[in-house]
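First chain written, first letter: the chains are A, B, C, D, E and F, and each begins at residue 1.
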Amino acid sequence: MGDTNDHSHRATSLVWAEHEARIRARLEALDPDLGRYIEDFAYGEVFERGGLDFKTKELLAVVMLLALGSPDEIRTHLRGALRVGATERELRETLLFAAPFLGFPRVVGAFAQLKDVLSKERAAPRAEGGERDES
Amino acid sequence: MGDTNDHSHRATSLVWAEHEARIRARLEALDPDLGRYIEDFAYGEVFERGGLDFKTKELLAVVMLLALGSPDEIRTHLRGALRVGATERELRETLLFAAPFLGFPRVVGAFAQLKDVLSKERAAPRAEGGERDES
Amino acid sequence: MGDTNDHSHRATSLVWAEHEARIRARLEALDPDLGRYIEDFAYGEVFERGGLDFKTKELLAVVMLLALGSPDEIRTHLRGALRVGATERELRETLLFAAPFLGFPRVVGAFAQLKDVLSKERAAPRAEGGERDES
Amino acid sequence: MGDTNDHSHRATSLVWAEHEARIRARLEALDPDLGRYIEDFAYGEVFERGGLDFKTKELLAVVMLLALGSPDEIRTHLRGALRVGATERELRETLLFAAPFLGFPRVVGAFAQLKDVLSKERAAPRAEGGERDES
Amino acid sequence: MGDTNDHSHRATSLVWAEHEARIRARLEALDPDLGRYIEDFAYGEVFERGGLDFKTKELLAVVMLLALGSPDEIRTHLRGALRVGATERELRETLLFAAPFLGFPRVVGAFAQLKDVLSKERAAPRAEGGERDES
Amino acid sequence: MGDTNDHSHRATSLVWAEHEARIRARLEALDPDLGRYIEDFAYGEVFERGGLDFKTKELLAVVMLLALGSPDEIRTHLRGALRVGATERELRETLLFAAPFLGFPRVVGAFAQLKDVLSKERAAPRAEGGERDES
């Protein structure tokens, strides 16, 4: 488990994209086993499953994180959704769709995160990285 | 607001399908304004929006209800997902995908609801209706 | 702490009303210290505070229990609200008001509990007691 | 939907008060349809209903937001409660009342928000505006 | 993955005890991959880790399930805690300790589950099995 | 209730340790009755109960706060756990154990708090105090 460079999976490459090294390093710094479980179980095993396309999975991730109160991880999946093919419009529709189920306060919080993600994307398309997201 | 028969929308027709009259009557019996808000705002306004197909929306609904602890409403959307084109496989993948985000207990509860929905569907395809679901 | 009959407070008398003995016995059977904390701290200390009338407090209790997913305890406070002066209309307005904050599924669940409480109240006004509520 | 200046309602005027233009602009910047739903459905339709006075509604909003973990929106309703007639004492009693239902950590978080709102109110009564609240 | 009989781990043997075959069959019937993930990841990988004794882990499981609203899975872990050495007293203390953090309604729900588990244990010590628990 | 210096209990002395005066002052500044309830009920009454050692209690507190989304109070109990004898390893195991029950996002948030607590502990062992924790 000392070697942490060999956990890369198709899912982390696509979802984390240009932030992969940074996110991996952050999780590793929090706890090596935490990072391994997220990469090997959450991404390598569960995310890699067939039956649903990656875009649908990322939109599901977004509303689940919204349901949890939009912790910083929602940024990873808002950006990840864009990376695997979702449009800004689809992200906005996803967040609006959540309102009747989870109420407006949760949705407002998620839109605040989306706004920040989008402004960073525009400032430095696929280069600069936010510093608050992690998994 | 006295007339409650004219709230039908494309979304309720597709998602509630053959259960539309029953679900409408149940919500009406709980509270007429509640029923009106769900039909006209949640379905007529929000669900009818473009930008995401109905199948994706129903899968989003399923994981949000799973995040809330799988109240009986999840049955409406497990069945609704099947009505608008999701396969059993896609529903299973959706629930499994939720585990790393929300934990296994929530997912086990949702699979118990799915099992019941599927057995009812097989016993009486598109005819019999569960009596526990509502919106 | 062995004597559990002397925990009666103005708040439990008003909110639990004719169900006071039954609710006390149920909590006592679950755990004597649990019952004591609920009676002496939750009701005797916190509920008895001034500054807000009992009706407002019961409506606050209802939406907090709705936010928790409407466990059976919500029945105690739906009925308690009626006991301390809330009307059916005020209870309906309270539940409808929660929808934009917490989403429709939570609200539907609470209306299902309210419907049951109201039908029991009408069948046996202030005599019969539901068997599912506790604190 | 392009025109966003005509969504003002009695509820937003009273609750948002001198912050109305700022809050409207913030929601509009997050998403125009989000802003429209909050103004026209949450405030214009649901909040405007009769049967409960505005002060009671704002206290209900406060404990629901506390139950959600006191996101920044709680500031809008702590301040809104003061605007529609609640006293500081009533807000304190409302938060204390929540402790037996939702636990102390949620309540501590809400008191931290209240402290900040009150100190801003005192520094610049009804003029200066916090920059973190939104709906 | 077709063979589902070989997932047994020290953790499932100790925690599920005499209910192991029944719980495994139930999870398998819900979804074979769900069962596999729970047995191999949740139990085989995470639960088997060192550093904390099994009794402490089961008490942690109990309060986490209580925090989720005491779904039926809490029964598995109330019983599992007894199997790995916790006393009834320790379970009662664990539930009471949760009250200041999560509020009384959650705790009352957990005590209701505990009461049922204890009465079943006494009626048929280590033989009869509840039919509502699963993971 | 005016005198707030006499609420010290064995539990607050051990858990809050060198931060006791600061935490007491912070709670007092938020609301004197809030501080009193936390000290006298949560700590003086519930925490002081026998039947579970303080280390187990602090680990239970940590996962309950993690379940609530790791509000700042989790820092008090991560540090409190260390004060009453838990090792860093035990804290890491406790957080990892939570993942299958509550999902990875909650756990990542808790590890971020733990990292910060540990770095402060190392910088100024038992002297410097974080400024964000409270109860």
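Descriptive notes on the structure:
Keep this in mind: contacts are C-beta pairs under 8 Å (C-beta built on N, C-alpha and C of every residue); 3 or more make two chains touch, one makes a residue touch a chain.
Keep in mind that this is a model prediction, so the values were computed, not measured.
Think of each touching pair as a link: the shortest run of links from chain B to chain F has 1 of them. Judged by shared residue numbers over all numbers used at their interface, chain C and chain D contact each other through mostly the same positions, with over half in common.
Summarising the inter-chain layout, the chain whose CA centre lies farthest from the centre of chain C is A.
For the copy pair chain C and chain E, the superposing rotation over Cα atoms measures out at 120 degrees to the nearest 5. Each chain gets one centre point, the mean of its Cα atoms, and the points for chain A and chain D are 30 Å apart. We define each chain's centre as the mean of its Cα atoms; on that basis chain B and chain D are separated by 31 Å. Touching two or more other chains at once are residues 37-38, 41-42, 46, 65, 68-69, 92, 96, 99-105 of chain A.
Looking at the complex, you find that chain F touches chain D at residues 27, 29-31, 33-34, 37-38, 42, 65, 68-69, 71-73, 134-135. Of all the residues in chain F, the ones that touch chain A in their complex are 69, 92, 95-96, 99, 103-109, 111-112, 114-115. Put simply, chain C touches chain D in their complex at residues 38, 41-42, 46-47, 49-52, 56-57, 59-61, 63-65, 67-68, 89-90, 92-94, 96-102.
Contact residues on chain C toward chain A in their complex (touch as defined above): 99-105.
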